[in-house]
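Letters are used for the chains, namely A, B, C and D, taken in the order the chains are written, and counting of residues starts over at 1 for each.
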């Protein structure tokens, strides 16, 4: 059995990692650590994880994290580097936060500020990294993995087949997302209250400031774009989970419905967790709830010369914890799909 | 492998049975049948069940149901009897509908109308049927099982330990429930539209007409009550799944907080799927989403001389399909918990 | 014009008072005061009150409250007494908080703690206070008014006609409520986050501890009960506004459907804001959204000998600010319905 | 008093027209007509419109519509022409449906099909029709008015100041909308059920097929564009009301944050119902609920050379019935704002 610790275990990302680990046949859950809630009963924070209810939350210390094969970091950005530095090199450390995703320290400085903690192998197995190549090839044996951002996952999966196949121009991308509230974490902010969120939709991070932008650009560049510019607007809508990403791009000369569909079929035909829907069926986030599935559909709008792609994921699963487990499986040499499901909880 | 067919596969109950069967290690999914949607692609109706997406829905005929070890009936009430009559006696038939739950034909006539299809072994393993006895004892080897109603499950689990221990008077029970919309099925009725349901709460079946009433009475009588009277009011609230049942009863002479808690601990201490929460923690339906869990909490209101119990379940899991699988396991001699989870999907 | 100040103007109760005052033909809005948000632009806190968006929030000081005809207090409990003490006797002070509702200092001490601020005329015009008498008779000329609690309003309106007419026994009442999140105010607590509340139902204040209990008892005693005992359980459900109160009582000897209906028709036939629905139609909270309406329906459950009443209100209107304006109108000698509506915003 | 009839009175658009008329000081509500629900009690269909609850729904016949000064048509598209043809020329007929919005019969044929009923004066008073000119100038004295589509209103208001000022290129517009369910009407379709919609986001009309596209193009052409191409994707999100429209456009050479802001301030500074929010504050649909307000905010994303605009409206008010009343006021020579409010119902 693989012994696994989770830091930030009382938050949403940490809780979701644990939910999936509980259903993973090869994982044994070790330390559950957190900050201010250390010492309290775990069931108080994550009442849905009944098998762990009587555990006690530990402090995030090197001692408590020692003796594990895998450590998941589910911490606010800026905190992972210090914790990881205290862990042995042969421990698999999987960072669900942003600290180790970006390759460019300038991007880090511009979008997050502070010192860049460094770049780790990127935990998006489906990322196209060349003709016939995928990021999953880089993960076996890795002992540090950076889990992608949830919005980044949705937008990258929606656009990369067309970008890689040269069917769209990657310099005038536009993405608008409908986001569930769990993406904002458990932070106590007025606009995250149920009384404010129920019955309302509102945007955030408009105008190019959102921290997921350079990560999307990094991905699509790896997928084949020379240069990426993307207008990116997330919006909060009244659901607990889910991202519906509508991402559009200008069609390149000669691209049409048939070539687009072929590119997506080729890109995702063998993927276990990314599913191109049959023509005429559109993604719903409900169909992905609790599952590691990304549902993708595409349409060519001839009139305006744009490809429109719609991708639905569960932000906490394929967008965070599911991708993290998928990467753990690959890093440890397990079958990639171990402990993960494509079966959603609906309605 | 156990070969399983599901009738009514395109509805909510049928879909949920399939969701659980897909995660059951010993089940192999055979025929998926339905009425008017026969011939269509299954993925169109249940897009969250991705592994079955390319299946075609079959008609509900004896031919299509032949050759299975288990057949689940997820049909509107009044339809199960005829289908079951066509199935061999040695096939395990599990009726998720109401047709075979009631022992009294008079109750059937009064609450449902029409001819009573008969009484099958009742698929609520946790039902107290005597000192130290449970309904699970009646299920091994059964080839016909009637799955309890979802509201019935919530109210019965909330009240039966106190009733069985003689700590409350069962003749002036009051239960009010907050119900998610999936409990109403996929019927196309104006009050079930999202535009109507979002942001609103409303009661239905008020004043003693709800069909789950005689079934609750039947259960609590088996648990030890001489006579049961219950005021029962369900209310639709804006969530897709979940039942939160608040059920109260007058305390019997001498009953108090300590004896009540002891009775619940004794009743549920060994139950795999019914969980008495620690004092001070109250159930939320979110914590049970997708899980076969019932979360129960109790309080003694000395001032008014009433026990107040609150029970949360997922109406489609512990309230329907999870209970059905639990009964299947028992009937077939499998470990009762096979393929079922107590881990919810939250937030 | 009546010059009106509102303290606690950035909260939900204060905001709703202002929403209604903006539509009141005789009111002129003066000072908007608050605590920590003093000095900020009002539109930042209440973006829906566009005509006031450019106002600046003032501190709650005697100077800022001076020169107004009416002052609304929308403060956390325990704070109203001190502010009111600084206001002249001839200013109409309307307390939307709990401080001045209870007649019994013992009840105050038991349920709220601390010193009782005193008892003010009770601002529920429809409260039955004797044969043919209503609380509205006590309000003309009043210069201090205590606005009822929102849950109290729903339960009192649901039960009082039957209690006053002696048709039910008031000693074994049971009420369970479905409550929107705005009833909990803008407090930053984890369980009030949208991520937690969306898709979930949960109880609070179970077992007799809720502070609205003595106020309900006080009202029903005034309506004619010798002694009141009530089991009272509110539950949070995923909506921003609204209370659906299901309240039941044992029928007194001889009471039946006809006498009950007659009592409710007589009690509410002339009431402008309390509406008994036609038989067969049940209240929905959506139909009351934004309106000062209480929708009431009743059923006699002969089988169990109980009256079941269901009442829907908007907790912020009829449950708080609308009742407050109604009382203001009466206190100042204006027509009671001035500036108030029975027209909801639905769907 | 102006005597007003409403056809389609039991639907959402008709109900909202009536909600506003009930609060209009100069309107007297005459016939309420509908199709299959003729003969039934109006309160059964629109329980929130309490003052009309006891009215009886009439059939939509020339006789029933005779004798009114104004007739609102709230019918499915394709039905307005026939009804209007039966009404005298001097009756003000306001069509809330699509039949008379488009100027181009080819567009009608391409997007709706069937014969084009003709073009009526367009009921969007704020539409820029030339330097310093607005569509409101065309409405006084009109006796036929076509009310804009709800999505059209949101996108037009978001983009037209920049288009009119030449600050953006109108040939690569992209708009993605979050839409409440009432926009889909009361049609009984499976994907509109609450069980499906709660907790889910999904797109519809993707890829250029949505019927609102030619109407947006028509408006922006009137506002000054030579040619308009727009990628338009609406998405259903779990709220009853509201549209949040994120609309982006490529900046023209020389355009920047200052010139953009100046253009929006100039365009909307005097508008009673379109409000440019202060910098840093973003629209929420909740703030517009029940109000005739459009909240607009803009951002210039220098990095990608795009203007991003976000507009929030209540689809049933500013998006339908409020715009209709505004047009009625103008047509009849009343002050444009009569009976309309900018005050939303929030939270």
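The working rule: a residue touches a chain if its C-beta (ideal position, glycine included) is under 8 Å from a C-beta of that chain, and two chains touch if they have at least 3 such contacts.
It should be emphasised that the depicted structure is a prediction, and the values quoted were computed from it without experimental measurement.
Taking C-D as the reference interface, identify its repeat among B-D, A-D or A-B, namely the pair sharing over half of the contact pairs by residue number.
Comparing each option in B-D, A-D or A-B with C-D, the repeat is A-B.
Write down the chain pair with more C-beta contact pairs when B-C is set against A-C.
Top pair by contacting C-beta pairs is B-C.
Between subunit B and subunit C, what is the separation of their C-alpha centroids in Å?
A distance of 37 Å separates the two centres.
Approximately how many whole Å separate the CA-defined centres of subunit A and subunit C?
Computed value for the inter-centroid distance: 45 Å.
Which positions in subunit C touch two or more other chains at once?
12, 181-182, 195-196, 198-199, 238-241, 284, 286-287, 289, 346-347
Help me check something: in the complex, which residues belonging to subunit D touch subunit A?
172, 174, 176, 178, 195-196, 198-204, 206-208, 229-231, 233, 235, 237-242, 244, 246, 248, 250, 282-287, 289, 297, 299-306, 308, 310, 312, 346-347
Mind pulling up the subunit D residues that touch subunit C in the complex?
12, 15, 19, 22-23, 41, 43-44, 46-51, 181-182, 198-199, 240-241, 275, 277-278, 281, 284, 286-291, 293, 295, 341-347
Could you list, by residue number, the parts of subunit B that touch subunit D in their complex?
Contacts found on subunit B: 12, 180-182, 184, 186, 188-190, 192-199, 238-240.
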